[in-house]
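Shared between the two complexes below is chain A, which pairs with chain B and chain C, respectively.
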Partner chain A sequence: MARIALNHVTKEYSGANIVAVDDVSLEIEDGEFLVLVGPSGCGKSTTLRTVAGLEDATEGDVSIGQTRVNGLEPRDRDIAMVFQNYALYPHMNVRENIGFGLRLATDMSKGEIEERVEEAAGLLEITDLLEKKPKALSGGQQQRVALGRAIVREPQAFLFDEPLSNLDAKLRKQMRTEIARIQEQLSVTSIYVTHDQEEAMTMGDRIAVMNDGKLQQVGRPNGVYNHPANLFVAGFIGSPSMNTITAEVTEDNGDVELRSTEREALTYALPAEVGDDLDLTPGDTVTIGVRPEDVRVAVSPNAFDSQSHETTVDVVEPLGSDNLLYLALGETTWTARVPPSFEPPTNETAYLSFPPEALHLFDERGETVKSRVLTDPSTSTRMTAVETDRSQSEARR
Partner chain B sequence: MSKERTLPKPIRRYGPLAVLGLFAIWTLLPIGWMFLSSLKIRKSMFEFPPTIFFDPTLRYYQEMFVGANPVTPFLVNSVVVALGTAILSVGLGTIGGYGLSRLDLRGKKHLAFWIISTRMAPIVVVVIPLFYIYNNLNLLNTHAGLIIAHTTFNLPFAVWLMRSFFDEVPIALEEAARIDGATKWEAFRRVSLPLVLPGMGATAIIAIVFSWNDFIFALIFTSNQTQTMPVAAAQLITQTGTLWGRVMATGVVILLPMVTFGVIVKKYLVSGLTMGAVKQ
Partner chain C sequence: MAEQQSVPTTAAGIPSDAYVGKEPDDQGKARLESLPISFEMLLLAPSILTLAVLSIVPLAVMLWLSVMEVNFTPVNEQIFVGAENYVEMVNDGGVWNAWQTTVVYVGGSLVLQLGLGVLVAVMLHRVIKGENVFTSIVIMPMMIAPVVVGLLWQFLLDPSFGLYTYLVNQLGLFTNRPILGDPDSAMTALILMDTWQWTPLIVLIVLARLKGIPEHLYEAARVDGATGFTQFRYVTLPLLKPAIAIALLLRSMDLMRYFAKVFITTGGGPSNTTKIIGLYVYEQSLRFFNLGYGAAVGLFMLVVTVLMGLVFVETIMGGAGDDE
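Moving on to the complex of A and B:
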């Protein structure tokens, strides 16, 4: 087991003039499960491959445990990797696939290897597949074998490169729990790359969001969700995405108001206790962000004690547990997650509202000015002040 | 929905059979004729219409193997040269093809085309300069000389073929092996190489067939001790007449190993040449 550290790692493809990874610094604690998440082409896989030794960092250091591993061959890094397409050796059966690394790189006896392979197969419940060739296995089974090949070597770290993206939705969820269970059981330091924000949220001890080769934010899943560091993270984490609209800061009789730049879609008066804490000057352009679950909708304007805004219900999308409402707000469309019993008529006027606690604000550069203050609607207990403060300041940084 | 025009049913059913039947006759008739003639005495060889039922004789075969000028040394030459060519072509073709497949090289496609284009020159164009070079290097009348000549013509194709086989092996497999503890060489040797074995087989077969059937190189570069079977057969056409029986029997002996070989490796060859034609 080991700590993995990336120190100002940059990976540049000089031929193509592409900076795939741009000055990324990241530490993964011993036994931690870190998820690297971002859209395709954001550099997350390249980052993982520099840790694996399949790519060399152009600048910066990668260390595993106490060793600086730059320039070391993958075989000398004591890591295991699970690939998106599983990369099982087609000419070997499952037993040989799992035992390949042990046969090749250790001086273990045949019996010892056999024992380890059986043990790994038992953990993954694939003992009855040991004599089969990969071609005869289903996607999920192949994935288990690939996992087996990783855990059997008891490496210092697991690297996962989108291991679940080739599986169907149901199996993906099942394997998600499985991988998390095994990682916890073995407590091996793990880096897990995915483009699926839901996977990131559910699996990671911490998640690291990347975009355009740059690290955007690192934090605990809920911290990143509730206090995104910038507009990109806010939009990327969470499904459906956070609702946004650009607005101008105006002042009216000392009260701060946010007026949407586009038509008269929305005007939001910031209560003094919220507005005073924020560094907003009239004339600033900001982006308003609200999570779909924080948007409240009613058919009558008097349903809210706070301010409400006129909208039109475009589509009602029933999810079973919730209904998703698509609401027209000027030219933009907002989404609201409402209880399944609430089904307003479409193409008719409705009213939406959101409390100031739920409001996110981003400045012109997309950096967070204000993030959500977390309240649990069911119990109305607030996060402890300390915790909120800490994550808020983390988010603002 | 577009309305498809179809041919009448009997044509759809029997048309392909008729075409294939004609093709079979076209291909097999000369071979059958050669085979039958090799068993006939000279007089009945030229009868028209040819007889199909007759008293067969093995005397030409007997002459060929135990007569005054046995064909056995030429057969050995052919085998040696064909195997030598196959080993060299497959060996170098595998290494070259692997490099071409895996190397991240600018202008890789141009390089690959340049390699295959060398195969497009007619053999006769290179025979004279090659003769001159061989003469200076003392390679005339040697097995090695003929093997090298055949290999130069087979190698571009072998490289090209092996490259496409390696292209079908996902690079992630080698990466997985390297992470599992293999060196680059071990990843190649223990993962990629076993996966292209059918390809190597197919390449070897193509090299063997080329070498076995080659006439021009063998005619120009060899003399009595190193002659291969096709040249030996041609020498039966002499100034005083053609030994038709021996020609036919030699033809059968040249053909037979290739046919047997072909039948044995048919499955292998087809799977090799179509590997990766369909995405799995």
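Moving on to the complex of A and C:
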């Protein structure tokens, strides 16, 4: 077990003139499960491969435990990796596949290797598959074997490179819990790369969001969800994505209002107790963000105590447990997650409302000015712009 | 089946309009199923017919000839002799001599071609820039007709003006004896000649397979602790087995019936040291016109070739194809 640290790591492909990883600094504590999440091509896999030693960092240091590992071959780093396409050796059976690393890298006797393989197979419930070739296994079984190959080595760290992307949705959820269970049981430091924000939210002790090779934010899943550091993180984490609309700050007799730049789509009167905490000057352009679950919808404006905004229901998507409403707000479409019993008629006027606590505001550069304040005191600590700044600086550390 | 389709489907008592029948193209298939032979056989029929005319008929004629004694003079006659030709073959020292020569020739060529072929393929695979150019250059000898290769090498090894003879002479070797005329060196020269021409085939087959080995297997092996050599030993080589089996099969069958280059260069000499079995069959059948005896030896040669092919496929490919 070991701590992994990346210190200002940059990976540049000079031939193609691409900066895949741009000055990333990150610390993964001993035994921690960190999920690196981001859209395709954001550099998350390259970051992982730099830790694995399959790529060399152009600049910066990578260390595992007390050792700086730059320039070391993967075999000298004492890590195990699980690949997206499993990468099982097709000519070896499951037993040989799992034991291969031990056979090559250690001087263990055949009996000892056998024992370790059996143990790992037991943990993964694949004991009855040991004599089979990978070709005869299903995707889920193959991925279990790949996990077994990693576990059996008892390495300092596990590196997962989108291990569940090739599985179907149901199996993916099952394996997700499985991996989390095994990681917790073995408490081996793990880095898990995925493009699936749901996977990130559910699995990670902490998640690190990347975009364009840069680290955007690091934090606990709920922290990142409720207090995204910037507009990118806000849009990327959460499904359906956060609703956003660009607005201008206006002031009228001391009352601050946010008027959408697109004419008449939305005008939001900012309550004084919220507006006073924020550093907003009339004329500023901001982006309003609201999570779909925070949007309330009714067919009549009288249903709300506070302000409401006119909209049109475009589509109703029943999910069983909820209904998703697609609402036209000028040219923008917003999504609302409402109870399944509420199914307003489509193409007719409805009214939406959201409380000031649910409001996210982002400045012109996309940085967070205000994030959501949860009303449930048990799950939240009131966190405002100041604290969000701190989590950003943690991300950059 | 058709009946099942027309009945509305219910699952657990709930009517459903889900289509539960077979795929829509079933009916066309049913029509095909009424044919006396399978659709696959129907597609294969033209090539089977062609093969029958070109291969199976000559084979039958050969079988027939192998139990006959055929004389052209003084009158054209065919006498049934039963197994006599085969008995004669067993007692003929010339045949066994030819087989020994063949084993040396085939074995030497296979080992050399396979070793070099895999080596060159692995090297070519690692070339990043201009791989296509290098590959094209490497495979050039393969494009030349065997007879032309024989003539070319005869020219190069000519005792008085051959380039290779000149080069070897510079090393102080073969200064007073011709390379192809020396019992000690003629076979080596023939093996090198064939290796020169046919290693590229093995390179091509192995290279194609190498390109099909996914990069992530090597990455997994590197993480698992493999060095460059152990990667080759435990990942590359086992995965190359099917390609190697195919290459061996093609080359061994080809080498077994080899004739052209030997005929052109040494003609089986000096003193029969390069008289391989193919040449022996040619001599018996078409030079001495012992058609019956030649057919018997040729048939035995066919049996050996088939058996050898089977051994390669079974042992190296391990029943073929379950490595994927």
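As a working rule, the second predicted complex is superposed on the first by the 375 of 397 C-alpha atoms of A that agree within 3 Å, B and C clash if a C-alpha of one lies under 4 Å from a C-alpha of the other, contacts with A are read in each partner's own complex, and residues count from 1 in each chain.
Keep in mind that, in the parts below, a contact is a pair of C-beta atoms (placed from the backbone, for glycine too) under 8 Å apart; a residue touches a chain by one contact, two chains touch by 3 or more.
What you see is a predicted model; the values in this text were computed from it and never measured.
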Combined model on chain A where chain B meets chain C, clash or fit: clash
After the superposition on A, what does A:I18 contact: first (chain B), second (chain C), both or neither? neither
Go through the superposed model and pick first if A:G101 touches only chain B, second if only chain C, both, or neither. both
Using the superposition on chain A described above, determine whether A:K133 touches chain B (first), chain C (second), both, or neither. second
Partner chain in contact with A:A303 - chain B first, chain C second, else both or neither: neither
Quick check for you: in the superposed arrangement, does A:L278 touch first (chain B), second (chain C), both or neither? neither
Residues on chain A touched by both chain B and chain C 52-54, 73-75, 79-81, 83, 85, 87-91, 100-101, 104-105, 149, 153
Complex contact set, residues of chain A against chain B: 15, 52-54, 73-75, 77, 79-81, 83-85, 87-91, 100-101, 104-106, 149, 153
Please name which positions on chain B make contact with chain A in the complex. 106, 170, 172-173, 175-183, 186, 190-191, 194-195
List the residues on chain C that touch chain A in their complex, please. 214, 216-217, 219-227, 230, 234-235, 238-239, 241, 322-324
Where on chain A does chain C make contact in their complex? 52-54, 73-75, 79-81, 83, 85, 87-92, 100-101, 104-105, 133, 135, 149, 153
